[in-house]
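Listed after this line are the structures, all set down as structure tokens.
Look at the two complexes coming up: subunit A is in both, with subunit B in one and subunit C in the other.
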Partner chain A sequence: MIDLKNADPNFKWEIIKKEGGEGLLKCFGCSDCAASCPVRYFDERYNPRKIIRLTLLGMKNEVLSSPFLWFCAHCHACTERCPQGIMVADLINAIKNYAVEQGYCPEGYKLQLDLLKRLGRLYEIEDFDLKKRQRLGLPPVDKTIPEVAKILEYTNITARVHSKNAHANPKSEALNSVSCRTLDVRHKQIQITKMQNSKQDSSPDKKRVVE
Partner chain B sequence: MRVLICDCNSAIKLPKLDLGTDIEIEHYENMCKKRPEIAPDEKVVIAGCSPNLMEILFPNINAEFVNLYEHIVLLGHPMDKAKDLIVAAVEKMKAIIPVKPKVFNIENKSALIIGAGIAGIETASQLAQNGVNVNLIEKTPFLGGMVAKLDRLYPEGTPYSHTLMPQIGTMLQNKNIEYSFNSEVKDIKGQVGNYKINVQIRSRGVIECNNCGKCIDVCPVEVDDTGKKRKAIYYVPTYPNMHAIDFDTCTKCGECIKVCPGKIELDHKITEKEINAGAVVVATGLNLYDVSKVEEYGYHRLDGVMTTIEFERAVASGELKPKKVVIIHCVGSRDSKHLPYCSKICCFLGLKEAKLIKDRFPDTQVYIVAMDMRSYGTFEYFYNKLREQGVSFIKGKPSEVFKRNGNLVVRTEDLYTNELLEIEADTVVLSSGFVPDNPTFDKLGIKLNGDFPVLFENAGLGNTALPRGIFTAGSATFPSGVRDTLIDARKAAFSVLSLFQQERIETKQPNAQINDDLCSVCRMCIGTCPYNAISIVDDKIKVNEELCMGCGICSITCPSYASQLEGFNPKGLSNQIRTLIKKGDILALLCRWSAYNATDKAAYDKYSYPENVKIIRVPCSGAVDPSHVMLALLSGAKGILIGGCYPDACHYAKGNFRAKAREQMLKLNLDLLGFNKNIVRLEWIGKDEANKFVEIVKEMNLAAKGGEKR
Partner chain C sequence: MKKYALFLGCTVPVRAQHYELSARNVAKELNIEFVDMKDASCCGFPLKAVDAETSLLLAARNIGIASKMNLDLITLCNSCTAMLSDAQKQMKNNEFYKKFKELGFSYPREVQVRHFVRVLYEDIGIENIKKHIKKPLGALRVIAHYGCHYMRPSQLYGFDNPEVPHTLDEMINITGAESIEYVDKKMCCGGSVLGIDEALAVTMANHKLNIAKNNNADALISICPFCTVMYEDNQRKAEAKFETKYEIPVLYYPQLLGLSFGLDQNAVGMRFNRVKPAAVLEKISPTPSEESTR
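After this line comes the complex of A and B, so read on.
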């Protein structure tokens, strides 16, 4: 049962402030997103309409602690069909970002983050892979990309994910738009590349551009 | 000059004013009930409540309205402000040119009706019965429009002919109606009382006919006419009793000529005809929205997916006998990518098709998938009846329609159980929204709000937004059922009749006037006019009074003040600003169509803003000159707000863009002169955005440090 005694009336306004959360109040509950969702077709427990509805009702704990929030595959089928023009996938993203800020990041994501930090990619490259690439005539790749760790350090994402209450961390407050979104990370990545390039101009020995 | 003050049943308690010897002050208890007598050419100042209300009470006078009620009393500001406002209004009135009344003689008392659907037919017969000569033009070769395509009308379920044929019969009794079929409006000239309409008539092909129908048997071309098959030569059983050729599909093979006992001509001629009329009724009706744009439902792509009217015609003619039908509601309606509005009648159309199929074939399974069922009024009984007949209602919006094993599958979520749901069916009916059939709207100069005409400028129905002498009837106004259409058609006929009761109508719409002594023919006004109303005739600037809408943009643009709008001119505004603005004030120059209304709303919404905010009403944000802003700064204003309509909503097409350009230039100059350029703000404030207005003026009051130099 949904008990509105536990509802937080500010929850929806918090989500609206986030990037991607702007369209939340337009939802009139037609269920087109839920019917379009391919994830839902395989696992009925995931329902974007239900997530939006609970957010509108202010059921903060239910939404943020729900494991199904993280099921979204970002195929944007819902965004394509929503009659009210809500960017549903981005909205779910906004709720996810809020969940991470509030310390609700699932363990799997934390493990992925560790992988990223250690290797620079989610998939570990072994000698076997390199041999396979050689056979296909592809150039070899580095086993680790240390620049990614630098990016992650710059975005302070580790502290945000691992801390129980992200708001206590002053450094993270300054970077309020940092998120799991690849776009954001990519943006930072480009910035760092630029910074490095300008440094490298003074020392021409090291010429390596990260792309 | 007289200053007339409405005490509004002693709600406005004005202290005793002394405005000099040549100005009389008169108090009235309540102007809504007892109006003072004002001569048409007299200049007066009326102080009372909002000009939005006063203008309806006094439509034809020269007055500056001072808003004491909404700008002082409701906000709790001290009454001293009232004196400043009234004095400034008096100073303004001294400088303006009075508005010259425009007289339109109703020379021609015949009416043109565009569209011979049920709305056009009803309007024509109502007018003809009252002795008005009527010209009825119709795009297709037959009368009847959309209703003639239907099978039956609900909620009663009577055949369409029981409604349409008596209407046609009544209309045909009248001798004073002239019919033109296959004709469309090409262009229209003139004004109320004397319109000249150029009509393009395509030839019908069939010239003499005895309705034997032999031509239909031999015609080799088969066409799909919204769900029903017909030949390229065809007949609709309404009026006239003649066949017609559809020249878009006819191959001109000549088979029909061989069997015809009458006369058929196969060359497609287009002729033109001029019709004179005093009033025009637009009864162009509606069209279904093109549902092939809603790609996920597969119209045109999948067999068995059809629109409501196609389905109705196919079932009624016996061509289609479905076993399992899914009717999807709100296709394209209430959808930001398609039609943002609710078309109001498509829910009944969907219900009607369900009823039709249940009555014809009771064993057919019918599913209605709707996100909301809007069965207002008596239609609720109809909805109940359908549930009793076994129609299944599913709440939800289908995500897609696709084919599986030769069957159509509709995938949706049932909102009542929260489960995903798939329905296999042989026929899917898309109950789509409606769009107006509007090729004539822009030719007639009708202003549109989205797709449909704007009928009135405000909710109080004070000013009609339609051009004078032009009326709309039926679904051209908004999609409506047959009953509502008939009522609307009678209303349109009444409007035409009451117009024709008068010999001439007089209105006071302000026009721009050019003072030839001052004019140097620099042509700046020609480029700036949004309506192309200004042109050069005999080396002199002339204003076309029919095109001029009274925005005042030219009078501000003119470098030598030669162009002056009646009732509003730069000098008047300068006088007003000079007398009104004291040191530390904030001047708000607000567009009368949007931002000014927001101030009225602010008062009723119990907002409060500082009392040093002084509001002047201007015809358009584009009618504010940088020199006025400079004048206000010199008078000591510490902030100037120019409020206009949102970029796409300007009443005068592009006045707000002019304002934006001026603002940028002004800010450059202010910077050069050493002023803080942020004390001048141009903001888009909508009619209802009282909170935005209040926030802006409060912000300006706090931020501005006065108009002193840096």
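After this line comes the complex of A and C, so read on.
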């Protein structure tokens, strides 16, 4: 149920201003993105079309606080099929970027950001790694790249992510358990369909299970 | 001799040394020179969801390094390829370039960003590579996994078919191994959502492991370290979650190519594959009787 009383008419303009958000107004809601989405194939709670429609309607809180916004794998399957030529994955990414600005940033990204600030790379290079590389005849790699912190400072990203108005991590434990259960049920149904089709169909896992 | 700047990214030098090792050794055979990039950092992709501009600036700094080396850039990771290609495009955007300059970076010459497999396909060419195959791997049947950012978004790459990709299959077939035809070739590994919802990511990875198993594939061939994290490192998790057994080795394409070149298994780092590829090595061991039974 959408209650337009809570709609924020400026929301869509804020998204359009973001890197990747330019195509938003072109969406006419055909749902090609949702139909092409590999994430949605496994978990129907993620729906790129719904996110885009809610954004156009101005349902800011619904969109930004939804844990499913972060389910986009950025695979661009949607982008390839959008009849309006929208870079859909980049559009969803623009909404994510805006959500971060508004204080919704999943914990995992904060950790990655801290690592990059400290090291300039995601994995720490230990002496052990350097020795192993040497043994294999691979050249040494830089342990830290300080210039990365300079970029992070320039865009002020750390301050934005750790800002005071940060909301709690949008993904709660409860949601996680629901997610696992839904997936398990779906997988069992796939298994059943597979058994039923194993004689006739050589690629049974393609079978879509309609719940 | 063709010369390129080699961009390693975060995962390859620490968690996929066998990918790096095999890529370097294969390149040597093909007379390709890799020049390492001093001070190259993370490509920026992990920050894209947080702030696209920051991630693009990180990427731009990296291609700036290649630009100063006066070389085109080769990547081993799909997501690095996408991120660096995006930044390369952004360099023509005045506002972005101004910020890049403000940070004190420079980009004296346009840099082409391509994945190693694409470079093999485009610059070296199938016919040329064929000449180096000394030990065809006719005994193997494998599943090719492209990974999303190898050919998508097509607006960025204009390479291969984004819906029905074929270049990796062709590259596999020249080694003598059979690249199995299957549906859902472009299915995502789930890597990008691993940090958000592990159950979902493992379910996505499980899909292709299941396809590999149903097709009795000897191995899954990957060209991206993060796809390999999903299919190899998380294979046990998928097995536990879906109460099954896979034991499917995940090889990097240069490992397969190196074996077909007749390189020693240590030269392509076969002992670093986490799902042990003993069965693969046994199948391709050069005993004439085995050849005739196939």
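What we mean here is this: the second predicted complex is superposed on the first by the 161 of 211 C-alpha atoms of A that agree within 3 Å, B and C clash if a C-alpha of one lies under 4 Å from a C-alpha of the other, contacts with A are read in each partner's own complex, and residues count from 1 in each chain.
Here is the rule we go by: a residue touches a chain if its C-beta (ideal position, glycine included) is under 8 Å from a C-beta of that chain, and two chains touch if they have at least 3 such contacts.
Nothing here was measured: the structure is a model prediction, and the numbers come from that model.
Clash-free side-by-side placement of subunit B and subunit C is the outcome of superposition onto subunit A. Of the two partner chains, subunit C is the only one that A:139 touches; subunit B does not reach it. Residue contacts after overlaying the shared chain place A:83 against subunit B, while subunit C stays out of touching range. Measured by the number of subunit A residues touched, the leading partner among subunit B and subunit C is C. Touch criterion met: A:154 reaches subunit C, while subunit B stays clear of it. Once the two complexes are laid over each other on the shared chain, residue contacts for A:40 go to subunit B alone; subunit C is not touched. When the two structures are aligned on the shared chain, A:122 is found in touch with subunit C, with no touch to subunit B.
By the touch criterion defined above, A:105 reaches subunit C but does not reach subunit B. Of the two partner chains placed by the overlay, only subunit B lies in contact with A:30; subunit C stays clear of it.
When both complexes are overlaid on chain A, the residue A:4 reaches neither subunit B nor subunit C. Taking every C-alpha of subunit B against every C-alpha of subunit C after the fit on chain A, the minimum distance is 6 Å. Shared contact residues of subunit A, touching subunit B in one structure and subunit C in the other: 77. Against subunit B, the residues of subunit A that register as touching in their complex are 28-32, 34-36, 40-41, 44, 47, 49-50, 77, 81, 83-85.
Of all residues in subunit C, those touching subunit A in their complex are 8, 10-11, 13-15, 17, 20-21, 24, 36, 38-42, 46-54, 56-58, 61, 99, 102-103, 148-149, 152-155, 162-163, 182-184, 186-188, 190-193, 195-197, 199-200, 203-204, 206-207, 210-211, 214, 241-242, 269.
For subunit A in complex with subunit C, the residues that touch the partner chain are 18-20, 38-39, 42-43, 70-77, 79-80, 87, 89-90, 93-94, 96-97, 100, 105-106, 108-109, 112-113, 116, 120-123, 125, 129, 132-133, 136-139, 141-142, 145, 147-148, 150-152, 154-155, 157, 160-161, 171, 176, 179-180, 183-184, 187, 203-206. Touching subunit A in their complex are the following residues of subunit B: 296, 330, 334-338, 371, 395-400, 411-413, 415, 418-420.
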